[in-house]
Amino acid sequence: MNRFEDELKRALTRRQPSEDFTARVLAAARRGEPEQKDRRNDRRAWLCWAFAVLAALLLVLSGDAVYQHRTRIVKGHEAKRQLLLAMRITGKELQQVRWHVRKISTPEIVAQ
Amino acid sequence: MVYSIGWHFLRDHAAAEELAQEVFLQLHRSWASMKSREHIVSWLRRVASHRATDFARRARIRAETSLEETAEPTVLERVHDTFLSAYLERMVASLPEKQRLVVILRYQEDMEVEEIARTLHMKTATVKTQLARALDLLRAKTSRRLQEVRSEEL
Amino acid sequence: MRLISFKIALGLALILPAWGSDDIKFPANLDRLAERAKESVDVTLDSSMLQLASGFLSNDPDDRQVKKLVSKLKGIYVRSFEFDKEGQYSMSDVQAIRSQLKAPGWSRIVGVRSTKGENSEVYLKKTGNEIDGLVVIDAEPKELTLVHIDGPINPEELNELSGHMGIPKLGKSGPEKRSKEEQ
């Protein structure tokens, strides 16, 4: 690139919007349209999109950042699902043990 | 990136923000179809570029005079505008729309000609022509200013 | 002598099974049971994954209760298998875990054996007066469930979840059996 093109690059350095721009965009997205119900309710997709907006505005839309954020969101939801499943199984198992103990210690229930 | 494309194209802060907001909301609606980072970036550039030209036509935002008619910088302008960059920025905004977009995508976004062609749905040869014409125009109008900058630096 | 001790320690480290916390490890060969099972559950959440999961819990009462329960835990590990027919696992699989529960601090607080071949045990690990771990072993003819919760846990707080989150309430006829999908 020659000197003139260097000057042109300098002249066309990326500009930033107002400080509250991101908040306004995110607020507008949250308001959304009725037909977007599924998207609005899909918090995971919304968070990924919001991050992409921020990343694009901050000029750091690196593949790794977006990909890793999406991965983290997916992992987080999966971890939550596993946690709740583990709690359910543990709770159920302890209930069964209590039931067995109650059966043994309460004859009228055993008779049934 | 998106706001900046809008700003350099429209030279209007409010219009550029409105454009950027529309683009991001459209991205929100299209999020499920995004496949990768590269897809998101190229999508944003393409949509921002098309929106910019829509905005320009909608708001009838034009350079006050065309670049060919723009006089050489006056003494007063030279005194107040000591930065070539700012001058170039104004001159870019005065380019015809297609040339303006091509220049912005080339020098703000650092895109190659082929990429610009795909983004704007133009032929590569057309992009090269538009770019060459735009640079010739800009050079012609800024040559004196550039010489002044060089002599100031010496 | 030192070299021999090191070799023994190395050997033990190599043959000691796969995952779990530092003190209780589920045998690695449990994986093969999943191939035979009609349904299986595999949960391995160490402290970092528990923190991640916690961050995604909502503000509804059940999630808040779970968040409180897991806030200090170091890990939760569950293996559960449901088989079409009996005889798909051997008691040596269970014994590999029971033998680890003979370690100091662990004690069996409940052991229930039924004539139908159901065998349920609950072990707690105590450090001082605090419960620092919980293991449940539920071995039935067509089902094997192993739960290890590593860290401070209050079984009564777990009990408070009954009637919520798919955990059956204890009625007169006992808790309902649910499929793993419903869980």
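The first chain written gets the first letter, and so on, giving A, B and C; residue counts start at 1 in each chain.
The definition used in the following text is that a contact is a pair of C-beta atoms (placed from the backbone, for glycine too) under 8 Å apart; a residue touches a chain by one contact, two chains touch by 3 or more.
Just so you know, these numbers come straight off a predicted model, no measurement behind them.
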| item | value |
| --- | --- |
| Relative to chain B, chain with the most remote C-alpha centre | C |
| Most central chain, judged by mean C-alpha position against the global CA mean | A |
| For chain B paired with chain C, centre-to-centre distance based on mean C-alpha positions, whole Å | 62 |
| Computed distance of Cα centres, chain C from chain A, in Å | 28 |
| Centroid distance [mean C-alpha coordinates] between chain B and chain A, Å | 35 |
| Contact set on chain B toward chain A in their complex | 1-4, 7-8, 13, 16-17, 20-21, 24-25, 27-29, 31-32, 34, 36-38, 40-41, 44, 84-89, 92, 103-104, 107-108, 110, 135, 138-139, 142, 146 |
| Of all residues in chain A, those that touch chain B in their complex | 3-5, 7-18, 21, 24-25, 28-29, 32, 36, 39, 45-46, 48-49, 52-53, 56-57, 59, 61-63, 66-67 |
| In the complex with chain C, residue positions of chain A that touch it | 72, 75-77, 79-80, 82-104, 109, 112 |
| Complex contacts: residues of chain C adjacent to chain A | 41, 43, 45, 49-50, 52-57, 66, 69-70, 76, 78, 80, 110, 112, 114, 118, 120, 122, 134, 136, 138, 145, 147, 149, 155, 158-159, 161-162, 165-168, 170, 172-175, 178, 183 |
